[in-house]
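Below: a set of structures, written as structure tokens.
Heads up, the next two complexes both have chain A, just with different partners, chain B and then chain C.
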Partner chain A sequence: MRRSGDITARLLWAAGLLVLGVVSVYVALPVAIAFVMSFSGGQILRFPIQSWSLRWYADFFGSPQYVDALVNTLVIALGATVLSVAAGTASAWAISRRKNLATGALTLLHMLPLFVPGVVLGLGIAITFGNVRLFGMDLYGTRFIVMLAHSLWGMPLVMMLMETTFRSLDRQVLEASRDLGAGPFTTFREIVLPEVRTAILSSALFSFVVSVNEFYMALFLTTRDTQTLPVLMWLSLRSAGSPRLAVAAVVLMTIVLVSLVLLASGLRRKERVRG
Partner chain B sequence: MSESILELERVRLQYGPVVAVDDVTVAVGRGEFVTLLGPSGSGKTSTLRLVGGFEHPTGGVIRIAGRPVNGLPANRRDTATIFQSGALFPHKTVAENIAYGLRMRRVPAAEIARRVAEMLEIVALPGFEHRYPAEMSGGQRQRVALARSLVVRPSLLLFDEPLSALDLALKLQLRAEIKRLHAELGFSAVFVTHDQGEALSLSDRVAVMQKGRIEQIDRPDTLYNRPASEFVYTFMGESNRLDVTVGGGAIRDLQGHLLPLTLEDGLAEGAWRLYLRPSRLHLSEHEPVRSNALRCTVSMVEFLGDHFRYHLACHGLRLMCDVSAKLGLSEGSDVIASWDGADMRAYR
Partner chain C sequence: MTDARRRRTGEALGFWLLLAPSLLLLVLVFARTVAGVVRMSFNGWTPPSFYVEDVVLDHYVRLATDPLIREAAFNTVVLAFQAALTSVVLAYVMTLIVWLRPKRFRLTVIGLMLCPLLASEISIIFGWWLVLPRNGLLSYMLVGSGLVSEKINLLYTEFAAFLGLVYAILPYSFFILLSVMDRQDRLLIEASADLGASPLSTFREVVLPLTWRGVVLAFSQALIWAFGIYATPSALGPDTLWTMGQRIQEEMIGRANWPLASAIAVAMIAAIALLLVVMRTVEPKERTA
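For the complex of A and B:
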């Protein structure tokens, strides 16, 4: 009997492994194809590849339009991250101090944008801020309005992560700091911040990645001068699909992957400190 | 200048309908070690938190060194708390933990270094400066917590069950250490615990609390030998309880059996609860050795390390008796349990 049990277990294990393999290929394939295509020497985005070349990389980084889009993407992502982390951390701190109906409702309200489609948010913001002028400048079409828009998704992510982090702090440790003569601000700086540094870094990388990837809101809110890489890729795809697009995809993926690696190593370090 | 370092005057803490601290009045003298003893929910920790400034009273006055402190936050009170968990700052080294309060008081760096080193000697942890709390044992962490509070030389040290998370051997060791430090340094302290052994061994005076009130505050020996109430008596140690009725000059158990008991003072007619500590009973095989005696049967013998506990059945009554040496008695043996009338307490 035990033998047949062993066989069943092994079969299950093999089946699991198979599914895992298929899913891995399925997940990795689009990225891998884009990666391979980016080294194509041909004029159009098509298999099989006739010749290998780095010419499209040179082309990408030589094109002011693409480089501008890359810079826009990075600047907007950085700005959105700063906004998300500042606002999200502050809200999380406030909400984590108390748990009642009001903070529950506030949390839900903060989370709402995560469940609203980007198209809807983009359209809404475009309509709302279409004619707003700030310091004599049209808000619409600036990088700033895209940062604001992206922080609608970044902030709730930061808030969720930071709220759990703040709640996990030992209340007695905070009280000990007050007890030894530190005011609330000093306690936050001396005791809370060093404790939650890794969590802040993680949530910052999350909001950075979300902003780099975001397409719909950027499409609605940018002009030719401020368009991000995903937007430019979409527009280029509609005119002509050259391997330059594959290069753009690889650049975008690289930014995201580097962020994820940083995120993972940050989390690992946190575990080490805890352990 | 007041003689008391801490005075609580009709202090009250109420959350809605729940009264956590109910008109507590108590004074702690300079250099005195006072323990608040009570079961969980008795208001002892709430009282300590009121003194530390972590809660604020809804009534009454708290004075530290003669100055009212109602409404002052913890960081502006000259008290230092040793928390149950130790509450060390996890990302700071031992030296940084101990230095924290001095840094907040803007003590010069050279003096901080000197006082931190001195403290590490006092709590017997020299060489631990650069350790992190996660790299230390529970007992060591609690010593660091003690050092961190002592180093700022507060008017009053507050202990919030600092030993309850430690295992027995460590608990006893650290308890002795706190007692030694109190004798050497002469600090004033309020110590909260639910462990009557800790309270009796450490304190100059013990306040037994129940339902937010102080039931009795006295020296440990007075408290143990002359408890003011049934609650204090039963909380100070294990006891045998005999439910009896007094009528017509006789004492009977609830089944109506006559009990040949003589108390120091006669009891008024009615129902009484008589109490007797297990260690005050004497066992003998033929003749009673004390004035009150009951004929019993041994129902169980427990070995408890430093003593034996005999469980006895006497008619409908059950008694526990602690003796240090094993007697030649086994389950089912007949035995006479006897005790002095003065060792019995009666409550109704």
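For the complex of A and C:
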């Protein structure tokens, strides 16, 4: 009885490890291969790779169109992050201080945009704000409209993360601070903010990465001048499948990795300060 | 008395002031957008203008009768279900392994699953473009190893679309399941084994019931994400494989038929809302041991 159980357990475990191995290769393959191909010296995409060079990196950074797209991507992502973190943290703070039916409904309201596909939001914002002018400028096609669009996804993510964090704070410390005469702003700045720095940084990273990679809304909302890197890559995918696209993919992944590393070092510094 | 009242008013004011930025975003951008799409879907269409102010049901009639749109809806639903189911099964196996042997696998597997989450969908599409075609890596490796004698092409097949879609939603299933799995007590498995249960019955009687909620949650979330993704099936699948999202893009940008594009969008929102309601009713209550 016990023996047969052992054998089944081993077989199951082996099968599980096999699945894990196959999925690992599957997950790593497209990312790794884009990375390798970006160093190819050839004109076309084929295997085996004949020669190695950095020419496609030179080509990428020498192309005004791609560099502009890169700048657009970064500017839009930074703007969307600022909007998302500011709005999301403020709501999370307000909602976390109370617990009743209304805050439940408010939380749900904040979540709603996450359930709407990017293509629907992109189309909707394009038709709704297509002819809206702000300060004498057409809103459509600007980076600002894409920032707003991306904050529809960034803000709820920040909100969720920050609400859980705020709720885990020690309420007695907050009350003590108030009893000692600190106003709400002082309490927030002196007591709350140092406690939740990690969460704020992480949620900022979340919304930044979401915006950098987002493609559907950006496709509907940008023009040739404001298009982001994923949009430009998509538009050149069928016409010119060159190693330049591999470089673009690597650049996007590098942006994400660099922000991850920045976050990690930010966190480490905090630990050192405390320890 | 007045002091207490003043403080309460102050707190209420602060509450709404703090909520103001996100509420402005939700009302001025999100709600207006959804309302705009719904309104647009009832407008008339006379090319070459994008739309004509009107209240007609033409586009909803087309939604129900146009074979192209029906086919796109069918493809979207079938693809999304297949991909969501596959992603949940794969993610379940992986989270189970991570949960049983955290020391050995946890960090590696989490790092690995961050790949599809942190890479842009378009970068991944490009990656598959290097792997799947006749001159791609897969064909090269299979021929090189002698497993097949002729070059094979997988690009522009339904399998490629499926492969790409599973890739895009796998991390969501994984992280949802992991968070549910992490809350369970591993000692339960040992207890079950000590009481003489076989690994399979331990799984069926103990592990699966405890994590079933996560399975339902991961499946519905993966399904919703899969509904919205169309770049992957469009770039990797055959030209005949139209999805709802791609139809929206085609009607909006290709044919400048804004009302029809909006009607398809409304149908998508309705489908997702329906899905959420259904999931909410079948969703089991959280079980803790």
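The rule is short, and it goes like this: the second predicted complex is superposed on the first by the 242 of 275 C-alpha atoms of A that agree within 3 Å, B and C clash if a C-alpha of one lies under 4 Å from a C-alpha of the other, contacts with A are read in each partner's own complex, and residues count from 1 in each chain.
By our rule, a contact is a pair of C-beta atoms (placed from the backbone, for glycine too) under 8 Å apart; a residue touches a chain by one contact, two chains touch by 3 or more.
Note that the structure is a prediction, hence the values are computed from the model and not measured.
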First, second, both or neither for A:A182, with chain B first and chain C second:
first
Figure out whether A:D170 sits in contact with chain B (first) or chain C (second), or with both, or with neither.
first
Using the touch definition from the top, say if A:A218 reaches chain B (first), chain C (second), both or neither.
neither
Check the residue A:S24 against both partner chains and state whether it touches chain B (first), chain C (second), both, or neither.
second
Answer with first, second, both or neither: which of chain B and chain C does A:E195 touch in the superposed model?
first
Tell me the contact category for A:V116 with respect to chain B and chain C: first, second, both or neither.
second
Comparing chain B and chain C in the superposed model, the one touching more of chain A is C
Parts of chain A lying in touch with chain B, wherever the complex brings them together:
170, 172-173, 175-183, 186, 190-191, 194-195, 273
Quick check on the complex: what are the chain A residues that touch chain C?
1, 4-5, 8-9, 12, 16-17, 19-20, 23-24, 26-31, 33-34, 37, 45-48, 83, 86-88, 90-91, 93-95, 97-98, 106, 109-110, 112-113, 115-121, 123-128, 148-149, 151-152, 155, 159, 184, 209, 212-213, 215-216, 219-220, 229-230, 233-234, 237-238, 241, 245-246, 248-249, 252-253, 256-257, 260
Residue set of chain C touching chain A in the complex reads 14-16, 18-23, 25-26, 29-30, 32-37, 40, 90, 93-94, 96-97, 105, 109, 112-113, 115-116, 118-131, 135-137, 140, 163, 167, 170, 193, 196, 198-200, 224, 227-231, 235, 245, 248-249, 252-253, 258, 261-262, 265, 268-269, 272, 276
Residue positions on chain B within touch of chain A in the complex are 52-54, 73-75, 79-81, 83-85, 87-91, 100-101, 104-105, 134, 145, 148-149, 152
